[in-house]
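Structures for review follow.
You will see two complexes here that share subunit A, one where it goes with subunit B and one where it goes with subunit C.
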Partner chain A sequence: MTPNSDMDVSTPRSMRDQFAIVGVGETTYTRGSGRSTRALGTWAIRNAMEDAGLGPDDIDGMLSYSNNDSTPATFMAGDLGIRLNFFMDCYGGGSSTEALIGMATGVIAAGMCKTVVIFRAMNGFSQVRIGGTGARSAVPVDGDNLHSRAYGWQSAGQMFAPSFLRHMYDYGTTPEQVAMVKVVHSEHASNNPKALYKKRLTVDDVLSSRMICKPLHLLDCCVETDNATAIIVTSIDRARDCKHRPAIIRSIAGRVCKPRADMHYQAGPISTVAGHYAKDILWPNAGVGPEDIDVTGAYDAFTFTTMLQLEDYGFCKKGEGGQYVSDGTTRLGGKRPNNTSGGHLCEGYTHGMNMVIENVRQLRGDVDDSCPIGPDGKRQHTYDYREGGCRQVKDVELTANLGWANPGTGSAMVMMRG
Partner chain B sequence: MAQIPLPRPYQDTEAYWSAAKEHRFVIQKCRDCGEHQFYPRGVCSHCLSSALDWVEASGSGTVYSFSVNYRAPHPGFAGKTPFVLAIVELAEGPRMMTNIVDCDPESVRIGMPVVVTFDDVTEEITLPKFRPA
Partner chain C sequence: MALEGDRYGMKLTVNDLDIENLEYFRHCSEHNFHLQKCTKDGLLRYPPTTACPWCTNPESEWVPVEGKGTIHSYTEIHHAIQPAFKGRTPYMLLVVDLDTQKGQPTEHEALRVVGNLTTPDGELAPPDMVKKVGIGTRVRMVFQDVGEGLSLPMWTIDETAQQPEKPWRYPQE
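Take a look at the complex of A and B:
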């Protein structure tokens, strides 16, 4: 077939619905795992294989990412008896999960391997904390840090805060509106037995917590945890043989950047983030738009990141993100719940992967809340979202994950119920 | 007391740091398209020319956005909080990450006019910072 024949195989549209997530697994979210990232990673991968109904012989691809601590894929595979036909460990943070799922679909399509496990293993609390204090402080100052570190620019919160403050200035967004992201995610976490923080919070709780770097209060920031997470991607044909209903991948935007990604604030308004560009890949390739999405997973390293991404991916008009995240739309029982696990703000921090895992479970209709398990082994969801209750959204057909590395770089994925 | 993390000048930035040491604030200007850029690079990020000259900047700018930082990000900043992390838009166009000093951190506002000032941190390194104009 020549490239210009009637079927254009070069466009991502030809990949739509050809791949699926068939297995998800995680460790508990702790502050002090007492185990190595190697042990944590193997547990998460084992759990994902078990979830998919697959064994080590069924997996032949492995991808991972890290920008603090991790263990390379070859060690994980060796421990688990997996022989690899393809693997890659790459540098990256919050925009990696969706991007690596996209890579997995590409290498499977290229015939390089058949089924890929993607993992993230980190002792993000007890070993190498993201930004802030800890080992990162000792890193020599060079490259793009040369013109920032000496001024005290170091943590993610510090780097992103000017975008948040500028959004307040440009659009009148208020701290009260944005604090609702934490309030809503804490409600969701209270219905998630796995969540590190299960206590329901109020806007006052957030605004009266101490200021870290304006406009970020302590409770605008996510938790730091030790944990590992894993996802298994395969072709739709193989997915049909797995244990659960597949979460079908409709579209992926991977590590889309704003102009001048090296220092995002040097080009264009900093109150606009990478989603502004990623949406033009995500929605056309998915064949659906934001209005069709039932559940979102907008990265919540900070309350503001959720708001900025939902806005720039088009879930509301530009500038109306503060309204969107505070009017009840995003809570369980609302029109389009966001981060039903409690996300990074409350469940645990694993650089985006737990939000994809949550949406896979939402699409299966099988989130792991406290609802009773029926004789068929499936949870009998009550759809009663009061504290300690259900967190399954009714009839989820389409989900969107919006991953964030920083204001200048983001990834996204639309999944469909199989 | 711990030292703050300091830049290690390299080929592309030596001229910038040695000028700062003499309390001169220089940025790159493209001989081909006339645009300025910061931080220093090997090519003009507007037209890709490598004909870049060092020129003395006016030292004037406005606060494009900022954050008031209440937590020491590194032992070298202990006792120095709160301090202002700011993105200053220079009169010549580029934006730079810096600190706003010589004022109450909570008085800083977006759009505030600022001028360059020099902080001699060590004998080798001077950091250009900004204060209210």
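Take a look at the complex of A and C:
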């Protein structure tokens, strides 16, 4: 257990290692899908079912999340020949993935259903722009929102920026350090054939891109894409019968909040985020600490969100996040790579699910890079991380996903190789 | 009665069931900042809520609060997304620690009242004024009238206050 925490990790947790992710699937990541979220969703779910080796009769639960920009589970199930014993369509964006995986394990444990598919389908570029431009930016402002949107404080970047700037003020974090998040993720994306942006970038590229809202340059912000993603959760005994080695769920912290979730800026320090609270659920339930983790998936809606979360979950000391994300630790070949797919900054924006998918593949030892496929149908990973090469990390046993909704709300999950 | 306003073409409304916000903005429209004070623990809170966030007591009274404080953090927006703010960049969003109740009930808490940096008459600050302001700048509250009975609190540089020699600003100008 980490020296950063004094939590007792010896308590047995009944849900630990009892559930697994057995299937993952996605569509292409594009800017202009040319199809509905219903078509995207069924595409991704079909891929996840194929990946797991499961048919429509094997799936009886469905969960989704959206910001009213998707298609409900009932429509997806109909198109896939699935009869549901359980479903919920939840409102939410980032940090929903891990929380919904936790809900899936709960409903399976309650005997409500046996196997749950979770999906996120969105045209985040061509329909409802995730950056908040277009139709969403022009809606009238009512009631409680008069304390934010009326001031031109509306998009995710605008809303989070005071936390980011205050971190620079409190700890001396520099723009160059934080830009390294984008640099590193762009390197990872260059080894990911399905990433939207595959070009490797430099710190200068990030800092010379145009200012959106201080401290966020254009390249500190994630991409907006059209895509759907899906994952399948089931009990560990069923998981053993699926096609791939299961990614076993050790621990989940779901949509944990700072005090005053109605306006988290009221409770300081504002440069501390929800991970500060979530870590005290995540690590004890997992029975491991941050130093045991091989690969992280720290949500990169912005370069800063990755840094703040890694810091508050205890991967480094408080205030040293800038150093942690810029010293090579998070790179492929480094001690603990982060977002090996390129994440939201480069691969595509899915409100967090692609980062879980990537870690499932890392745990299988079967990341979809450009390495040659051998006679056994599996990639022969070279562990040569140069541009266009491998992005599989050697011997991944434990991963951590750190999901972000806003500075005041986050989720996390630890998975273990099956 | 419901309130309606317009800020640079952006429609603002408060519906007639939203009694906490109606009362808050009624005081703002008189350019007299008020917050709810809990009748039990005596703590002020921002923004308006239906109960005290510290003791859950639903009873409160509206009391006048001095509109003076220090910038705790900010963002300077160069790419506006709302139509109302296009063509008005750069503009600043300030998160201001009021002097009143700073550091209470715990060390890291304060009444952090948001607003734009504006001129003393409540219009968005011109670029040369934006450049002068950062974390630590002392500000005072002013109001922008945006409709019949509806005004928004804003922040302007406090000309009479002692200012920090160099307020903290994002290093890359």
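As a convention for this text, the second predicted complex is superposed on the first by the 400 of 418 C-alpha atoms of A that agree within 3 Å, B and C clash if a C-alpha of one lies under 4 Å from a C-alpha of the other, contacts with A are read in each partner's own complex, and residues count from 1 in each chain.
The rule is simple: a residue touches a chain if its C-beta (ideal position, glycine included) is under 8 Å from a C-beta of that chain, and two chains touch if they have at least 3 such contacts.
As the structure is a computational prediction, the values presented were derived from the model and not from experiment.
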Three-chain arrangement built on subunit A, subunit B and subunit C clash or fit: clash
Touching partner for A:G268 - first (subunit B), second (subunit C), both, neither: second
Partner chain(s) touched by A:A110 [first = subunit B, second = subunit C, both, neither]: neither
Contacts of A:I373 with subunit B and subunit C, given as first, second, both or neither: neither
Contacts of A:T174 with subunit B and subunit C, given as first, second, both or neither: second
Which of subunit B and subunit C A:C213 touches, first, second, both or neither: both
Residues of subunit A contacting subunit B in one complex and subunit C in the other: 131-133, 137, 140-142, 146-155, 158, 161-163, 165-166, 169, 210-215, 260, 263, 265-266, 270
Contact footprint of subunit A on subunit B as seen in their complex: 4-8, 10, 13, 38-39, 45, 64-71, 73-75, 77, 80, 83, 85-87, 94-99, 110, 121, 125, 127, 129
Subunit B partner contacts - residues on subunit A that touch it in the complex: 131-133, 137, 140-142, 145-155, 158, 161-163, 165-166, 169, 210-216, 260, 263, 265-266, 270
In the complex with subunit C, residue positions of subunit A that touch it: 131-133, 137-138, 140-144, 146-155, 158, 161-163, 165-166, 168-169, 174-175, 207, 210-215, 259-260, 262-263, 265-270
Subunit A-facing residues of subunit C, complex: 7, 10-15, 18, 21, 25, 45-47, 49, 53, 72-85, 88, 91, 93, 95, 108-112, 114-116, 135, 146, 152, 168, 170-172
